[in-house]
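Both complexes shown next keep chain A, but they swap its partner, so chain B is in the first and chain C is in the second.
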Partner chain A sequence: MIKKFDKLLIICILSVLLTGCWDSEDINKKSITITLGVDYVNDGIEFSGELAKLRSSPSESGEKNQASGVYQLLSYGKNFEESRRHYDSINPYPVFLGATRVVIFGQNYAKEGIEPYLNRIDHLYDYRKTLLSVVSRETPTELFKIKVEKDISVGFLIDDIMQNLEMRGEALYPQIGEILSDIALGHVGYVLPYIGIERGSIKYLGMAVMKDSKLEGTIDLENTHGVLYILAQNPTLVEVIPSTKNEKNQISFTTFIKKRKIKTDYIDEKVIINIDLDLKAQLRYQYYPEPVEDEDIKKLEDMISKKVENDIVSTMKKAKNEFECDFFDFVRYFRAEHPEIYKKIKWEDQFTRADINVNVKTKVINRSLEDPNAKKKY
Partner chain B sequence: MKETLTNRQIAFVLFGVIVGYGVLSLPKNIAENAGTGGWFTLLIGTSIAIIFVYILTYLAYVHKNKTIYEYSNLLVGKFITYIFMIIYIIYFFMLFTMIIRMSCEAIKLTVLIKTPVWALCFSFLSVVYYAVIKRLGTIAKICEIYGLMIMVSAIIIHLSIFTHGKLINLRPFFVVEDISAYLKGTLTTVFPFLGIEILTIISFNKKENNKKIFKHIAWMIVFIGIFYILVVESCISVMGADSIIYYKDALISTIRRVDIKSLQFLERLDGIILTIWIMSILCTLFLEAYASIFLISKVFKKSNFKGLAFIVMILSFIVAQMPKSLDEVEQILEYISYVGIVTAGVIPTILFLITKVKKYDKKV
Partner chain C sequence: MKNKFIDKIEEFSKESLGISIRKMSIANTEVFILYIGQLTDKDSLSNNIIKPILQNGMNNILTIEQIATSVIYVDDISIYDDENKMIDYILEGKSIILMSNACKYIVANTLKVEKRGVQSPEIDTTLRGPKDSFTENFDDNLSLIRYRIKDPALRIDHFTIGKRSRTSVALIYIKDIANEKCVNEVKRRLEDIDIDGVFESGYIQKFMLNNTFDLFPQVGIMERSDTACANIIEGKVIIVVEGSNLALVMPKTFIEFLDVDDDHYDNIYLGMFSKLLRITALIISLTLASLYVAVVSFHTDILPSQYILAIATSRGTVPFNSVVEAMLMEFVAEILREASIRLPKQIGPAIGIVGAIVIGQAAVAAGLVSPLMVIMVSLSVMCSFVSPDYTIVNPIRILKFFMIAMTGTLGLFGFVIGLTFIAINICSMTSFGVSYVAPLSPFNFVDLKNYIFSDITLSKKRPKFLNTRDKTRQ
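Coming up: the complex of A and B.
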């Protein structure tokens, strides 16, 4: 009997089981968070942010929901949970955090320490662990007041700026997961993008140095090259070098890393860090075209090497003396090479006393497609 | 009813039963005990597993068309065989029951947050029941199909994860001073290799299972060892040994920390990994549930297999709900893994030695 109707039975059972989400809710009935700001205000936590504004638009296949802008959210509380309760009590729909692009930490909160919120992100199910976190000079609420014309919202703008810069090798895009690994390792700091408002628009200002997950200081945009040469995966940076023949002339180069080698040693109870960089440089253009002989190229190569070396050394000095924190992850190299010594030393102390040797070699690989040495016939 | 499996099927049955629940927390357990030198611990674990797999295969190979119930009767007599059978039945039953509970807890905590554990257990057991009553031949075929799918997709995903990891997180590769820690850590590699005792309930056939079976099985264990190393190393390369130790679901946590742009068309990669993981758990459950029911049916010869399977499933459902917390389930699983050493190591070794002493292998 059953065998006779088995197919029918299977279809019936499957149609009941596979209809799936009988308790599903329409996307319109969710508060989809795009950006979240966290700050300390009056000894309490302030959550601010942007929620996607969805509207229905007719399409060929029927009605379709589209993000047409953002609503702003604001809630307060003594801690995250209270702040969230406040949020829930003033909003009609449950929060969905899975679409969050950026978490913005206000300076006040960053100075107190962002680790609790990073742990919250790590353990809340719907948060992506690959989202971007930044520190803002202004409070997040001030940032959200900016009228963004270049992108959908403040969150999208910050994320797109940082993604673009990271793709071009001009900035770091630290994801929450990477930061959590640094925190778990201990002994190291890390850097986050530092943003702010300048002339009415949101700008990437440089890097925020975090020690024990607390904001220790900042590195201006123009001084970030030293960090990028060590930490960025494929830094592609522009270096402007004065001409050897004409003081007024400047030569613009793009540099790439061919090889980066970091070796550590421990001699006389002192940590030695040797950084060897092999750079490739490409001559982009000259402000005033003039012949560039092979001898000039050699001099220019030395000048680029010197410039990069100085950039790295000055950042190292800042890390050692000003921030007293290893945000270059040198400890990972030291532990990998000297695991037994690592167990016996206190890295924080050793790092501030470490000898750091930087050796940069540059090779100009082309002068673009121009021939600056062409000779005129007449 | 005698069912014969091909050499390849037996190898895939081993893959199906070994690679399962344990893989989720494997990177955490290895990193916690052996740090970045975990690959060495896994190599030792694999070597030990090969020795015991050899013993189990040898027993089945020498005693053709017999399972442990029959050859144990022959070697140690009825009384001790009954004791052995009780150990095996309880072991297989508790193992598959607790794995069901643990897997349901993991699924609830990671994706199906609102679904009650009992409902998940019920779904699992319904599928397991259906597979088990179709007997070993069908289960072996499922293992073959699922096994291939698991192998291919897991290797692609873990190699992709590697491209997002940092080599420096995997160093130091080996610290001579830590060798004792590596050896101690080998104990933690016991649980991921549990399941090899399934060979005790597979009867080899003269025609199908020739000497090549040893090669097939040994290569499968080597493959599982390498596969485990790939899983552990790829996860550590992303999260670092210091971070991964805090995550019981280390595999899923790692996936959530990487954004593989080339696989973005799959939307959420953790969903794919979870699907593969559930497929591998199902293989484990099918085989272990089948083993317990099969051995009960051997002891109670007149019983009806389907009816027995139904009773076992109901019992399993009840027992799965008994532990009050996740910690209790973990504790029980830890105890079961110690019994596993007896079922996969001690008892087969005793039977192997008796076979050798009584020269049964020569008689065959």
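Coming up: the complex of A and C.
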């Protein structure tokens, strides 16, 4: 039998011996980078970050199957390559970026432009393209000094905070892949989560507006509703509206988007953007329970619509006048609807002059009824 | 007067054949009874043969025919005249009655061998289902089948295989159901067997294979008589071998090895669930260790970060790379399994303790292997016990190492190549003319549905791939 297959066997054995991945190292023989911070310090690039601590120190006894913590990482250089060389020269194992959860850009570096590093992420094969990137008010090294007790490490904490907020519809979770796609499109800005340290704890502060991949400014957490109504996939926001009857009383609503329609037009050499939002608002509770009539509901619906409209319009104004950048991605709608015109115009200029009409309709649903047959409703 | 039989008797007595000779004198002549004491029911011999002959022969003149028809009480008798065949009958456990003045002799069946009673199955255990399993006794095994299937079309073809052991082998099928080609093929292969001794159905099984080097079994083994009968009624062919408590069934396809009678007797949902469980377990058993190697050594990125950290931390102090670790642990697990089969029942549990404490806990504590690897190996071994027919797991036990080697060399790419090799091997096999992967290929939806549901009320037809004569069940 062996004689029959001798050639096949030789081919198989040789191909296995010659092509086998013999230089591959197991995961425990790599420096697993959980978080990476990039900042611009003294005209040079500073890499900081967290590496998983795989071996317990001799003082820690017993079997440990959870990552027992992280090592701090710090390296410098004039450019990425030099900084990486410095990193390699102080670490025992090759770097593994496949487990990296978040890349933190220091404010200084973000102001200079983060595109080079985004391109580096794009082309280094082991980086995940679903990575979260954030801009930090403080330097990344300061962030990593914070003692985290709520999570495994700073990186995990930031990623978990952002994931949780995104899941609840209260923030955006822009992945590197999406940002790269925005950059490829050109003429368009984007927003990144903006974080910082407040009272010794890491906090989501709002959004960092990036124009040409450079930090242009920030939007405070309280003012992010306008962005979320346009950009978030399923924004679920809480709106507090004063009662129509009693000034002291407040009514808490959760709003969801039922339908979002963005249409663009080009009339008299001017871009028109029409935004139609159909909202559903769920009455959660009142600060002081009191009967709510059908007319009150109507008024409340109008008030919610007005408030949301104002939020959006004020953010739009900021985008047009202050940042002069379309981080709402309206360009995608315009390009799809008017491809010929798009080729002729310069979007950055047109956007700042554009007419933006926002039309919000709200319907209050689920009024927290306890007894639907009660004479006095609500 | 001396006849040719008396010469034979003298010849037998010269050689130490262990043949007992009982000589009796009756009115007109001398009667000889030849038998082997160890194979003969002596009570039957005394009461049904010797006693009637002596009582009747003292005063009457008896011929050999009269003795056969009117004197002895044995049910199974025949009259022959070929003196050369005498020795064969005696060795089969029959008693030979001959008279000094007759030219014929009587062969009376007085066979009695020591046997154990019908007991519960040991390898084909079941929660729900009859417990009468085959024994080493040929007649008992046939009777277990006969009493379950009273169909006049049931055929039992007898063969004697083994030049020296002269083992009885029965081929059992239902004439108007079983595929004729398959029956003839099995008969042909049985007739072609030319060996000196058969002591287990495993010998016959090897001669039934298409190719000695085939890895996967094409012939099923069964210990329980109800399973055997269910297979006969399905249109399959059963071989029962004298001296073996395991019957052979053929043809048998790959997925049938994962079918259990309990599935058919129990609730439809439970049957489906158990089947799914068994298939999953078989796949886990084959691939778990190699997937571990692929993930740890080559493609860690396919896991979420937190899993990567968990794996890396659990391997923190392990000095071996994952391939060596996986090979080592699988090898140890196989040693434990082998040891537990060979050990007497009384000290069997000791192996469990040694395995769990020494190999598991101590190896982890010493930092030689990662706890995750111990979990993987234990799970893999446990999964291999789920299959009802252990013969289908045997190739998996070997292929597991092949998969680890392939994955250790070429990563996930090697894993896929390994699986493809195995799939090609399985797909290119046949079992007595039936595709080994039927009903998946050639695809037959109804057969597949019937296999998954395992419910007799939904299976109106017999499987198409068996190509039976009678295709309808109900």
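Simple rule for what comes next: the second predicted complex is superposed on the first by the 331 of 378 C-alpha atoms of A that agree within 3 Å, B and C clash if a C-alpha of one lies under 4 Å from a C-alpha of the other, contacts with A are read in each partner's own complex, and residues count from 1 in each chain.
In this text, a residue touches a chain if its C-beta (ideal position, glycine included) is under 8 Å from a C-beta of that chain, and two chains touch if they have at least 3 such contacts.
No experiment lies behind these values; they were computed from the predicted model shown.
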Going by the contact rule set out at the top, does A:52 touch chain B (first), chain C (second), both, or neither? second
Per-residue contact with chain A, leading partner among chain C and chain B: C
Does chain B (first) or chain C (second) touch A:112, or do both, or does neither? neither
In the superposed arrangement, does A:128 touch chain B (first), chain C (second), both or neither? both
Just chain B (first), just chain C (second), both, or neither: which does A:332 touch? first
Touching partner for A:96 - first (chain B), second (chain C), both, neither: second
Counting only touches as set out at the top, which of chain B and chain C does A:290 meet: first, second, both, neither? neither
For chain A, which residues belong to both interfaces, chain B and chain C? 128
What does chain C use to touch chain A in their complex? 213, 296-298, 300-301, 305-306, 308-318, 321-322, 364-365, 371, 409-411
Under the definition above, what is the set of chain B residues touching chain A in their complex? 110, 113, 168-169, 171-172, 175, 177-178, 238-240, 242-243, 246, 253, 256-259
Within the complex, which stretch of chain A touches chain C? 1, 16, 19-21, 24-28, 30, 32, 34, 52, 54-56, 63-68, 96, 98-101, 126, 128, 152, 156
If we count contacts the way the header does, which residues on chain A are in touch with chain B in the complex? 125, 128-130, 175, 177-178, 180-181, 183-186, 329, 332-333, 335-337, 339-340
